[in-house]
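Chain naming follows the written order as A, B and C, and within any one chain the residues start at number 1.
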Amino acid sequence: MSYGALEVLKGVDLTMQAGELVFIIGPSGSGKSTLLRCCNRLEEPRSGRIDVDGEEITAKGVDLNKLRQRIGMVFQAFNLYPHLSALGNVTLALRKVRGKSRAEADEIGRAAMARVGLQDKTDAYPAQLSGGQQQRVAIARALALEPKIMLFDEPTSALDPELVGDVLAVMQQLKSSGMTMLCVSHEMRFARSAADRIIFMDQGVIVEQGAPDAIFNHPKQERTREFVSQIGH
Amino acid sequence: MTSWQRFLDTFFNWPVIQQYLPAIGKGFLVTCEIAILVVVCGIALGLTLAVIRAYRIRPVNALIIVFVDMLRALPPLVLILMLYFGLPNIGVDFTGFTTVWLVLTLVLAAFAEEIFWAGMLAVDPGQWSAARSTGLSHSQTLIWVILPQAVRMTIPPLTNRTIAITKNTALGMVVGVGEILNEATTAQAFSGNASPLTAGAVAYLLLFVPVVYLGRRIEKRFAWKKA
Amino acid sequence: MDQLLEQFFNIDLMIQAWPIIWRGLGMTLLLCLAVIPLGLAGGLLVALASLSRRRWLRWTTAVYVDFFRAIPPLVLLIFIHSGLPFAGIRMDPFTAVCLSFLLNNSAYYGEIYRAGIESIGAGQTMAARSTGLTPLQTMVHVVLPQAVRNVLPDLLSNTVEVVKLTSLASVVALPELLYAADMARSVTYNASPIVMAAGIYLLLLWPVIRLLSRYEHRLGS
């Protein structure tokens, strides 16, 4: 796809299996975030086709709002609604899109908050929570809708180092429970230990992909080698 | 008589004021009436226009922008005179009251639209991404996520602007509306004394000074920290 | 529809009325040339007074500002023009307008300047004073230039309001633009001259409004 004269993604083919945790790494400007945002059409691809859970989301006339409930997204800037409590953030879509009653929505919401370890922070407002807590609420917000796949756009890049661990722990839990996850991130240690597959992108194309061991220790492409040696680990 | 006594007699002549107090009191009510109607209708219309603008339908937006620009650039008195004297000749008979209300409502709506729109633009675009990614539609996102945040940001400029515009109710005097200034100047002419004018000024202060303070209190209450 | 055009857009009448309208425009511009600088200067003084160390000055200024922001401009104008003569203070309409505008505008401009000055962090003042600059020098060479630059859009926006406010002078029979247009209207029983005056205001102010609008929208959070 392209922004005006700038073509960001120059032809990308990607397939994921259910339950896979796929990490996308690469230098800034490589198109990683754009690719991620295409997956729920927050960015519109100019050509090509995207299927999620067997359904083509790029088809004409598709009910995008309904489909988006099956795709959870977590953002670098958390993007919590400041005027709602943590529980309010988590249950808004349940009430408005799924039409659940407040009681039902609250129940589901509390369960989601418990999954991320924040069951006693349901009434707190985003401003009262630490960065790591806010991001976990954001994860709960996505989880509450029971998505088939979760997209993570640099989820820990905006966090102080000591708070990163909490969020990664939640992501590890999700992986263990069988969630399909596509993650753009710089957390290389986490990638090494948890990812099923690493994808290295540069300048709008996928340069190389493979198991973490292959990519980090035996990269085949020159560009991959360069990037991996630069980031060290 | 000393100068001071003469001053008091000219501007604070109690018997004269007493005589015209009922008239000025009536004017006070009329001023309040117009002011409240203008505030309610103007802000409602302004908010509606800003929401419509959020749907980005190009031709409609162009119309809104032209409307708002014009009403921000024209002095209200010009519009009032234009409509008050022009409309009857094409068969539309608005009273002075209606004309003043209509013009001030449209002017407030124009300023309010700009303020609400700026507020909506100032809401972090990440909020749209987050809400849409959970499946909320454009309208739902607008109503439940964007507007609550936008409106809170607009309270300070909105209260200031509203007060400035409703003070223009005094313009009603020019087209015969029985508001405070009209009653005061009439009383001044009849009594040959400036005290009714003083009373009129005090009446305006009684109305607007509390409103200014109320505005400041509302501002403080709606200031909440961003996450 | 035809009636509408005839009553509001009668070109012949507009052309006939042009000479008086033109003179009215001249008076309006003259008024602006007088009251805008007065307001800007007065406003600066008010702002400085409101930030003074002396409590009585701060307090008096606060009352002054609240008073002249609460009083409708027209009321102030009528009071000065029709009320003061009772106390033996007579002045021609132009002076009355200038005086009432000075009082009114200095309050509004003052608040804008004050917000601008307060937005300049104390660090600037500290740095300047520590290099030996006097308070006055600090204000003139360090604080004010930055403050004014910060609030330029608000100053501009208020200036637009002042230009619109000059139309009030028509109420005290000062022959500015609206007065001239209304005269033409009363003689012809046709609102077209006023429409023409409106067109002139639009010509003068629309570009500024557009400019301000763009600036307002560019400011994100």
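The rule is short, and it goes like this: a residue touches a chain if its C-beta (ideal position, glycine included) is under 8 Å from a C-beta of that chain, and two chains touch if they have at least 3 such contacts.
Quantities reported herein were computed from a predicted structural model and do not represent experimental measurements.
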Taking each chain's C-alpha mean as its centre, the one farthest from chain A: C
Chain pair that, of all pairs, has the most C-beta pairs in contact: B-C
Most central chain, Cα average position: B
Centre distance in Å when chain A and chain B are each reduced to the mean of their C-alpha atoms: 48
Between chain C and chain B, distance of the C-alpha-averaged centres to the nearest whole Å: 18
Inter-chain centre distance, chain A versus chain C - centres from mean C-alpha coordinates, in Å: 54
Junction residues of chain B - those touching two or more other chains: 124, 226
In the complex with chain C, residue positions of chain B that touch it: 6-7, 10-11, 69-70, 72-79, 81-82, 85-86, 89-91, 114, 117-118, 121-124, 163-164, 167-171, 173-174, 180-181, 185, 188, 193-194, 197-198, 200-201, 204-205, 208-209, 211-212, 226
In the complex with chain B, residue positions of chain A that touch it: 40, 42, 65-69, 71-73, 75, 77-83, 92-93, 96-97, 125-127, 129, 134, 138, 141-142, 145
Chain A partner contacts - residues on chain B that touch it in the complex: 124, 126-127, 129-137, 140, 144-145, 148-149, 152, 224-227
Parts of chain C lying in touch with chain B, wherever the complex brings them together: 3-4, 7-8, 66-67, 69-76, 78-79, 82-84, 86-87, 160-161, 164-168, 170-171, 178, 181-182, 185, 189-191, 194-195, 197-198, 201-202, 205-206, 208-210, 213, 216-217, 219-221
